[in-house]
C-alpha cells in the first residue's frame, strides 16, 4: 500500500497540493478531479520531478521521496504520461526492453518478460516494428506494456485512454483492471472518463484545488455531493 | 496475434540483410575506397590538403552531431575543444618520440577527461544554460591559449619558447609523411571514429539517448540515469574531437591560436545543422561545407564571407523547416525522384 | 600588486564599460522575458549600426548625429525585422532553438560586415563621439563625458525598464507573457504588438550599445559581435530574470575586467572575466535544478 501523509507542493505562490493525506490500499485506485486539481502534480512528486514543500510518501514501507528519480524505476515505479512517449525510432520490443534493462532485471528473462508484457497489453503488432509505423491506439498500448514489464510495484497511469475511440477505450479498461492481479502491483489511474474509472477502479480519491475532498468505493464517491459540486462548480 | 508473438519468441536468428541495407553498405564501401585510392590521384596538392582538413572536421562535426542530434545538447565551443586536443598532441609530439597513433589516442583521452570533468557539474543544467556554458568555457579556453600559445618545441610544461627563431614543424607518422599519404591516414582514423559512433548508436547508450531526446522525464521514468548518459555522450564527443585535434596537428605542422577563432565554433554548429545532425553522412557534408567550399571559393578568388552568410541563412532554414538537415532531406528527395522516374519508365513500356 | 593610484583610471573605464553591459543586459532580459528569445545577435547588430555610422560620418560626410541616428535606426529595424519574420515560426520551440536561430542572424550580419568593411587590409577604424573631448577630473582621475554617458545610460535604462515593466500596461503585459504567452493572449493582450515593442526596444538598445562600445573599446566587427558575451554573463548570473541583478553583475564584469589590467600576472587573462563570472553563476544555479515536465521557461 501507498501512504501519503501531509504532501504539500508550492509553485511560485500557487499551492498545487495542500496537505494531501491518503492511503492507497491495493488493486487499481482512481484519482480524479477537475483540471488543475493537482493530479499530475501528485504523479510528478511520485516520479521525483517535483520536490514537495512538506509531507512524506511511503510505498510498501519504503520512503519513496528519499530515492533518486531514476532509481524509482528500479524499485518498481512505472508511469505513463498524458502525451505519448513511446520512442518512434525504436521498435516496440526495444521500447519495452529499455524499461526492463534499466530496471536492473535479469537479462536472461528479458525476451520472455518483454513479449509477455506486450501480449498482456493486448498489442497486436510485430514487436520488431518501429513505433513510428503504429497508430495512436497502438502507441498507447506500447506505453502500457512499458508500464507493466518486469516486476512493477506501483503503476501510475495518467489519462491513458485520452483520445482513444470507445472500443479501444473499453479494451484498455480491461487491461488496466487486470494489472494488479497480473503483476502484483498497485495501480493508480488518473482520468476524466468516469466510465473508465468506474470500470477499472474499486476505490477512487478526488482532488480539488490540491485538496482531497473525497475517497472511498468508486460508486459512492462518484455520487458524492462535494465531488459533483467540484466538477460542475455549482454552489448549493 | 498469438502467431506473431510465437514467431517472435523464437530465439533471435541472424536476420537476413535487407536489400536497402545491402545497397547502402555497398555505396558506402565504394565511396570509402574511392576516397582512399582514387581521390588523391587526380587532386592537386592544394585540394589534398583541403580534403585532409575535411577529414579532420568531419570528426568534429561527428562529435557535435552526437551531442546535438542524439542527445540534444548544443555545444557552442567545439573548436576550443579541438584546440585542446591539438595542443596536447603537439606537446607530446615535441616532447616524446611516441608513435603518432599513440599520441593521437592520448590527445583524445586527455580531451575526454577534460570534457568529462566539465560535464560533471555542467550537465545538470538545462538546454539553453548548458549551451551558454559551453560558449563561456570555450571563450575561456581561447583566451588561455592566446596567452599560453601552442607548443613550438620549447621546454617546460607549456612547451612554448617565445623567443625561438626557428620553429620546428610538428612531425608526422613515418608511414604517412607525404600529403596524400597523410590524407589517407586521416581518412582511416575518421572512419574508425565514425564506426565508434555507430557502435554506440546501435547499442544501449544509443537507445538511452533516443529516449532522452524524446523526453527526459519519460526517460527518467523508465529508469534511465539521464545525467550519466549525457555525460557519456559528452565524453565520447570530447574524445573524438581530441583525436581530430591530434590529426590536425600533423596536418598543418604549425599551430597558432588564430587557427581556432571563437566564431569558428558558431560556423561549425551552423554547418553541422545544415548537414544534418541525425545522420553520420551529415557530418561529412558539414565538413565539406566548412572546408571544401571555402577552399574552392578561395581558388576562384571569391570571398569566403558569402559562405558565412549562406551558413547563417542555412541555420534559419534548418531550424524553421527541415530539422533533420540536408543529409536527411537529399536522400528523401533522391528517393522520390527515383520513384518518379521508375513510374515514368514503366508507364512508357506498357502495351 | 601595483599601487592604488594605478587602478584609479580603470575604475572609471570599468564602470563605463559595465554601464554599457548593463544596458545591453537589460535589453536582453526584457526581450527574453517577453518572447523567450535570447538575442545572441545583439552584439552583431550593434556592430553593424556602428559601422554604418562610421561609413556615413567619415566617408559620406554626414554630421555626427545623423550617423548615430542611422545606427540606432538600422539596429532597431534589423532586430524588429528578425522578430517579425522568425518570431512566429519559432514561437512554440524551446528557448535553446530560438537562441540558436539568432546565431543564424549573427552569421549573416557577420558575413555582410566582413564583406563590406573587411579588416584584412590591416586598416583599423575608429569611431569617436564628441563627448570624448569633454573631460573633467575627480581627484587624480580624468573622466570623459562618454564614460559618464555610458554609466548613466546603464543606470537610467535599468531603473527606467524596471519602472516600465511594473507601471505601464505594455510592461505588465510583457511580464505576463513571460509567464505564459498563450494564456496572456486569451486575456485579450495584443501579444504580437507587445512582442514587436520588445523587439524594437531591444534593437534600439543594441544600436546605442554598439555606438558606445565602438567608442570605448574598438570599432571592429568581431570584437563588437562577441562583446555580447560580457552582457550574457551578467544576464546568466541574473538567471535571465532579475533586472537589478543584471545591472549589478554587468557592473562587476566591467569593473573586474578593467581592474585586472594593471596586475601584470593576470592582465593577459582579463578577457576571461565574463566567462569565469558566468561559469560560477551557472554552476551555482545548477544546484537547484528541477526537471521540467511542461513547457516551463528556462
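Chains: A, B and C, in written order; residue numbering restarts at 1 for each.
What we mean here is this: a residue touches a chain if its C-beta (ideal position, glycine included) is under 8 Å from a C-beta of that chain, and two chains touch if they have at least 3 such contacts.
This is a predicted model, so every value here is computed, not measured.
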item	value
Central subunit by CA centre of mass proxy	B
Distance-maximising chain from chain B - centres being C-alpha averages	A
Between chain A and chain B, centroid-to-centroid distance (C-alpha), Å	41
Chain B and chain C: spacing of chain centres that average the CA atoms, whole Å	33
Rounded Å distance, chain A centre to chain C centre (Cα mean)	47
Residues of chain C whose C-beta touches two or more other chains	291-293
Sites on chain B at which at least two other chains make contact	217, 220
Multi-chain contact sites of chain A, meaning residues that touch two or more partners	48-49, 69
List of chain C residues in touch with chain B within their complex	38, 86, 89-90, 93-97, 99-101, 103-112, 114-115, 118, 222, 225-226, 229, 232-233, 236, 268-269, 271-272, 274-276, 278-279, 282-283, 285-287, 289, 291-293, 298
Residues of chain B that touch chain C when the two form their complex	74, 76, 121-122, 124-129, 131-133, 135-137, 139-140, 143-144, 146-147, 216-217, 220, 261-263, 266-267, 269-270, 273, 303, 305-316, 319-320
Complex interface listing, chain A residues touching chain B	47-49, 69-74, 77-79, 81, 85, 87-90, 93-94, 98-99, 101-104, 111-112, 115, 118-119, 124-128, 146
Contacting residues of chain B [partner chain A, same complex]	1, 4-5, 8-9, 12, 204, 207-208, 210-211, 214-215, 217-218, 220-226
